[in-house]
Amino acid sequence: MNITPYIFWFLSVMALFSALMMVTSRNPVYSVLWLISTFFAISGHYILLNAQFLAAVNIIVYAGAIMVLFLFVIMLMNLNRETEPQKNRWLKLIGALAGGCLLLVMVAALKDAELRSQQAMVGTGSIGLIKVLGKELFTRYVVPFEISSLLFLSAMVGAAVIGKKETPETLKS
Amino acid sequence: MPINYYLFLSLALFSIGMVGVLTRRNAIIIFMCIELMLNAVNLLLVAFSKMHHLKNLAINPMIGVDGQLFVFFIMVVAAAEVSVGLAIIVMMYRNVHSVDIQFLNRLKH
Amino acid sequence: MAMLSFPHIAYLIPLLPLLGFLINGLGRNHLSHRAIAWICSGVMALAFAASGWVFWNLPAGAPTILTAFDFIRVGVLNIPFAFQLDALSALFLLIITGIGFLIHVYSSAYMHEESASQYGRYFAYLNLFVFSMLLLVMGANFVILFIGWEGVGLCSYLLIGFWFRNPAYAQAANKAFVMNRVGDLAFLIAIFWLIARTGSVNFIDLPMALGTVGQSAKLSAMDITGITILLFIGATGKSAQIPLYTWLPDAMAGPTPVSALIHAATMVTAGIYMIARSNLLYTAAPLVLTIVAVIGLATALLAATIALRQNDIKKVLAYSTVSQLGFMFLALGSGAYVAAVFHVMTHAFFKALLFLGSGSVIHALGGEQDIRKMGGLKKSLPITYWTFLIGCLAIAGIFPFSGFFSKDAILLSAFLKSPVFYAIALFTALLTAFYMFRLFILTFGGSFRGMEEQRHHLHESPLAMTLPLMLLAVLSVVVGWIGIPEVLMHGGDRLAEFLSAVIPVASGHEVSHATEYMLMGLSSGLVLLSIYVAWSRYKQYRSEESESSLTRFLDNKWYVDEAYQAAIVQPLHRLAGWIRSFFEPRILDGAVQGVGRVVRYLSQQIRFLQSGQTGNYALWMVIGIVLILSIQFFIRK
Amino acid sequence: MIALLLVLLPLIGGGLVFFLPRPAAVRPLSLLMALSTLCAVVLGLTLYAGIDSWSFDAEWIQPLGARFTLKGDVLGKWMSMLAALGSVLSVLGSWNTDRKKPQRFYGLLLWMQAGMTIVFLSADAFLFYFGWELALIPAYFLSSIWGGERRIAVTIKFFLYTFVGSVLMLIGLIYLHGLTPDGSFQWQAFRNLELEESKQVWLFWLFFLAFAIKVPLFPFHTWQPDTYEQVPTPVTLLLSGVMVKMGVVAMIRWLLPILDIGVFIWSDVLICLAVVGILYASLIAIRQDDLKRLIAYSSIAHMGLTVAALFSLTGFSNNSNVVLQYHLIGFQGVMLQLFSHGVNIMGMWLLADRIESRFGTRKLSELGGLARTAPTLTIFFVVIALANIALPLTNAFPGEFLQFNAIFHAQSPYRIVFLIGSGLGVILSAIYTLNMIRRIFYGETNSATENGLRFSIAEALALSVVVGLILLFGIYPQAALDFTNEYAWEYVKSIDITRFLTK
Amino acid sequence: MNLLLLAAFWGVLMMFLSVLGISRSRIRLVAQWGMGLLFLSTAAEMQGFVLYDLNAPEMLRVDRYALVLLAILSGCGFLYFLLSATDMAKVGSDYSEYFALIFFVFCGFVLVLSFTSLLMLFLGIEIVTIPLYILTGADKRNLKSNEASLKYFLLGAFSTGLMLMGITMVYGARGSFSSMELVGASGIPTQLLLGGLFLMLFSMAFKVSVAPFHFWTPDVYDGAPTVFTSFMATLVKVAAFAGFFRLFDHAFTSLTPAWQVWAGVLSVCTLMIGNITAVFQQSVKRLLAYSSIAQAGFMMLGIYGLGGVAKEGMVLYAASYSLATIGIFAVLTRMQDYTLEGFNGLAKERPWVAASLTIFLLSLAGIPLTAGFLAKFYMLQAAVEAKYGLAVVIVSVLMAAVSVYYYFRILQAMYFRERSEEVSFPVFSSGFVRVLMLLAALILVMGVQPGWLLRYLYF
């Protein structure tokens, strides 16, 4: 008797349901909350896959920092009401159809591959541990790690450029 | 777990995110949908990493680390993107007091 | 003269008029009337002298070929710029230069009122005309002949339109050139055909091509028929036969001496010359010969009927030329090449005489050409009167004038061909006599019907004009005697003997002397009768003759011009107009522009895809992805 | 070196003229450059006639395998002479016309000549294409800047139309390039390809369209009358005198020898097009009131004949010398006519330009009576116009004569139809030419034409050269035929496709 | 690697310069010198002079292809700075930051051009695009700029999602992120790999604006400040294409039969949409945006006909297209009126500028004697041998003819029309004109002797 499949199914259903709710919620704040719930479900999957580090980061960074930022912006803009006017019904339908078709196509294309016999290692395996990841990150992956700093630098500069208020004086100088 | 399950789950999440992008008008929610898509990718990456790990356990126990590290980098990038993206949305909001992308139609044809 | 050998002198013949052309053409603004006249007539006189020398010194037997240089020599095709001197060409040389000279002399007085530069231009053209005609008859192959052929066409074009201020004249000139070109096209195709089969266009190679000499024939019966028909079509253009004759009467727009030149010595006889030249081919194509005869006969009759009702002195003469040319073709078609050449010769003299005489009349009347406004000119223009009379008698074929002999030969040949032909030809001859004397009587007989002031100015022409008239009159009488038929005088047909090297004497069936006498008598008697009828009918001419549908039909020249207009010119014109104003801009260019328009239209439509809506953009992307993936995964494979 | 010189002289000369500071010196300098090119050609034909002096080969774009190969075969020599002559005539002919920015005008003119010379001389397909377009660009600017009222719309049509053709040809070139074993653009390499029929059938059209548009062949001609009408005449002179010959030269060099089977398969269609074009253009010319358009259509008709003759040369000889001999006859006609038509049409443009600039109109209906007031013009015009319709003893006659022979010998069941069709063109050409002469020169003068017209020395010189050439090749065409004979013989042997039968 | 280090350093330097508050002309000078230095260092690296070797072959490998393209990019960047640096000042107050961002983008170029791991490709693309989102929105009070920025951001992020999904699927199939073909080629579920490949194809197609993923391009190029449009439309696009090319050249060569036809289809679609839509545009800026789509279609031919010739073509295309477009945009930036009428009569008053523009336009249109022609030539040559190559090539040349039409509209405006009264032309400094002419000269030289550039690809 293995409990893993049950956890898997539970988390999956939760993730899907929350995602659907996120997309369909009219109130942005609800959307954020449903998204956070999705993230939790995904984190649960990570734990199931024994990717502890990622599970933690996902909660802290995504569900914690990023989603709070979203929430913050929504609050700032006072968008926490169901103000969003609805898109053209047809466009919505087509959009949903297109997304559905994509899913269908991908699933149909991939379902009968040899992938069927493959298993993902659940519950065990050391590669998700901080120790292993950290060692890799600072040896083989040090170059991308360093370079991602550039990404942050540019994002920082960018946010500063965008965020600064343009005044006539600054323009003149 | 069969890898197919993970594959279809994340494809489903990915598609849900995509449908959100296609159907919503609020820029922030669209952005959130994109984040959902990224998370679907992350999940699949982790699953694949575990799959390869399982497959090659005997040859090289380190196989599969790449996938998880990639997820880490995706998160990094996502964070950077969020900072810039939200800044842009706020700037937009400052100018037009709306984040409805349907009003973004000065540029066309 | 010791320096000058036969080839040198032969070369001189065409070169002299060319020289005259160049001097006058380039120097016309700097030369006086007198100088121009002297130069032109001088070169013609010299050319005549040279022709005479060549004529007498012509080597017997095989023709003399003088090759100046290679005109076109490509592969198997060799077209030398060569002259062929034999009996036929020598004879024509004499006629052309002789009559040409007289016409030059005559013109020097006739055109005296033109300004010096126009005068020079006129004579330059005249010289060029003679040069082209000399090229035509001297050419040793079809191409050189064709060069001259086109050259005379060009000159006639230039001269017909000489008085260029009158648009109608220019129109007439165009018509002449274009109709000639129609014939020329057929001629050219015949040449191509000949080249294709034999690789040669030289006259001396014809026997070989026909297989009469040496190896087997290169030309099949089909080839010969085709080539001869095409050549004949060419001849109908140049020699004004049905269906291409209508330009000739219109060509009267030019100065009268030019008409004389065209009708008598040059141009229109080219067709006869060409067929006589290629008689070997024609003899081998009996079917074509019959066609030639029929066409000739029909033309002769048609033109004669039209001439009956013409009132313009020159037009009557023009139609008479067409008719006489028809006679000549009848002779050719009957295989009597010599008779045709003979008639060319006699016709040259009396037609030149008649035209120059008519020029004298017109000159005296200050440009009047309508015979209804003439009459009674006998007293004031005695020389013209007498010479014109001789011309009329000659053309009517009264013994012993030259026309009698040549026409008699033709009638005889027609009789040999078919009695029906003979009957029609005889009838035509009667008509000829009738309309010529109608013309003569209306012009010179009765009393003057013109205006008073014209009457005061009536005068005989100057010597430079009358002298050629008198000379021609004498010649018109005597020239027929070189071809006295065998029946009248044994060995009298010196012409046939002379030409026998070029034109083999046909060994056809002969008619008995009795029949010949009878035919001769019949035609002479009927012609005299016809003259009498004309005299009795027109001696008291006052005003309009009676109108009937037949006369109206004749007045309008059988409506041939109108038919051509309606059947060819107008449809072509309309088609061209339709193409120009509809098909070209709308359909062809429209298609080109249409591509541009479609692109612009698409551009206008496609840019609406760019709706500005971010959601739509993403949607398009996803649709693209779905399409590509589904095709890739489910349809390709 | 001569070959290189022929390209470099106008190229550098054009550059010099283009940047000349003083407008006054422009015309003498450009005349000098044009004349020196002509001298170079003449020198190349006489003193330095060896094949060495007419060949030039240099490394060019190595990665592509494109080389800068100029090879003056007889065709090349013959046509570069025409190009040099055209440029001299066009400078002379516009000697007294004042234009804004003459430096640019004449500079571009010389560059155009350089491009055309490259086309005529190049033995490398890439270089050929280069020259093909190089000639077009200056023409575009010349036309658009100095042209008539509708110049912008018309020249873009002209440019686009020819451009579409040439890029299709480019594809063909690239394709053939890909098939060569060593990745070469050399003519010889293309020639050695021996493509199978299935490829030739469609490859043919890629090339043919470009050339047909250039010539132009019915129904691809619609750019031409508009362009000639709007373009300044010295340019038209080069366009119709020399540039349209590029199309035929290209067919001779790049189409018939390389895609011989394709050409043969389509030859019936092509000759048919050409013949229809002759009749069609002639008919339009009859109803044309605009002098320049009339000349343009006449050019279409005459080039149609040349093309018809050219395509009549393909086929099987079965190694029969006689058939080849007849092909030789036809090809000689094409060669002669290429030059003759160039000379004649240039003469026509010189005169048309003079008439337009003097009387301010080129409508036939607004002219008239010039024979009285402008006799010299009349003589030149009549001589050149009659040469244009191939009157004997003018230069076009031997050419057209031989060409008709070619059509007569075409290996087509319809050759008689073709012959008669193109023959009718001869009649129609007489009609429109005489109409034109009649309407310009005959009749009464009007206020515009009563003052007549005098030629300057330069113009008279240019016209005299034209007339001189007309008479020279009219009376003694053998001079030209001898020059081209050997080449023509080799050529007709080379385009014979009998060798494919034996395979 | 020289360029990566120097660019990062210069980016940080520029960042601090803004804080120091020195004058704009100094800032500009530093930036220009820096860019010149980048070019020189790359040139030096080609001669074997390496400042610092990062030594991470499974992440980055700077090969000759990357070096040549980097040299072209930095060279063009230098010219771009020379021409347009002053115009950036008009966009907004953060003068120095713009430079910093551009230098960071150059770091991204290095990654995109020399990646051997899909991770680096992803990072590179992100480093390139994130600053671009900012630059697009740099004109903060201009609603068009805002809008462009937001559109670009949303769609860009969306396409990033696609790309990541693609990378993930490839990883799933291969077990490695290496972009080298050899690794993990055994026992692959091909469908998964193919799915990943296609998703990557789509997202790269988005980055280089290939139809039907091009929709962002006209709006963003139109909305962005013109100086930055110039940068995006040229260097960024070229770099993205080079990365695209490198990816498919290295990673997916053995799968060519699967995607090649699609590359052809995309390229045809792009050519048609880009060219045909451009025909109707009245604004030169928007026209150039569509033209850049059209040019992308041509570059796509290089991917379609992947191989040796295509690589050379890509290099040549990169150079010729960048030079020409930079030149045109540099002039356009300074024009008062962006419509076609605004160019009327330019040739008369600014002959040298007009002459240079002419050469740029001719090059874009692919007229011989210019580098643009040769670039197109190489592309056609590469494509013609591919499957269905002939049809694709015929469509593309016909579309090239359409492009001639709209490029020549600008020519016509400059040369054949009269200036309208209310428009006055800017005064171009002599230095500006000289640089412009240098660009034109480079295009001409490359048009006659491309070998001088291409030989750096080998040896």
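We call the chains A, B, C, D and E, going by the order they appear; numbering starts again at 1 in every chain.
One rule holds in what follows: a contact is a pair of C-beta atoms (placed from the backbone, for glycine too) under 8 Å apart; a residue touches a chain by one contact, two chains touch by 3 or more.
All figures in this text were calculated on a predicted structure; none of them were measured in a lab.
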Steps in the shortest chain-to-chain touch route ending at subunit C and beginning at subunit A: 1
For subunit D and subunit E, chains touching each: C
Chain at the geometric heart of the assembly (C-alpha centres): D
Relative to subunit B, chain with the most remote C-alpha centre: C
Between the pairs A-B and A-E, the one where more C-beta pairs touch: A-B
Furthest chain, CA centroid comparison against subunit D: A
Centre-to-centre distance between subunit E and subunit A (centres being mean Cα positions), rounded to whole Å: 31
Where subunit B and subunit E are represented by their mean Cα positions, the distance between them in whole Å: 26
Inter-centroid spacing, subunit D versus subunit C (mean Cα positions, whole Å): 37
Intercentroid distance (Cα basis), subunit E paired with subunit C, Å: 77
Residue list for subunit A, restricted to those that touch at least two other chains: 87, 91, 94-95, 98-99, 102, 106, 109-110, 115, 141, 144, 148, 151, 154-155, 158, 162
Residues of subunit E touching at least two other chains: 119, 123, 126, 130, 133-134, 137, 140-141, 150-151, 154, 158, 172, 191, 194-195, 218-219, 405
Contacts with 2+ other chains: residues of subunit C: 596, 607, 610, 612, 614-616, 618-619, 622-623, 625, 629, 633
Chains that touch, pairwise: A-B, A-C, A-E, B-C, B-E, C-D, C-E, D-E
Subunit A - residues contacting subunit E, complex: 106, 109-110, 112-115, 140-144, 147-148, 150-151, 153-155, 157-158, 160-162, 164, 166-167, 170-171, 173
Residues of subunit C defined as touching subunit A within the complex: 615-616, 619, 622-623, 625-626, 629-630, 633-634
Complex contacts: residues of subunit D adjacent to subunit C: 157, 160-161, 219, 221-223, 280, 283-284, 286-288, 322, 324-326, 328-329, 332, 369, 371-372, 375, 386, 391-393, 397-398, 401-402, 404-405, 408-409, 419-420, 423-424, 426-427, 430-431, 434-435, 438, 441-444, 476-478, 481, 485, 488-489
Touching residues (chain side subunit B, partner subunit A) in the complex: 1-9, 11-20, 22-26, 28-29, 31-33, 35-36, 39, 42-43, 46-51, 53-55, 61-62, 64-65, 68-69, 71-73, 75-84, 86-91, 93, 99-100, 102
Touch list for subunit B against partner subunit C, complex: 18, 21-23, 25, 30, 101-102, 104-109
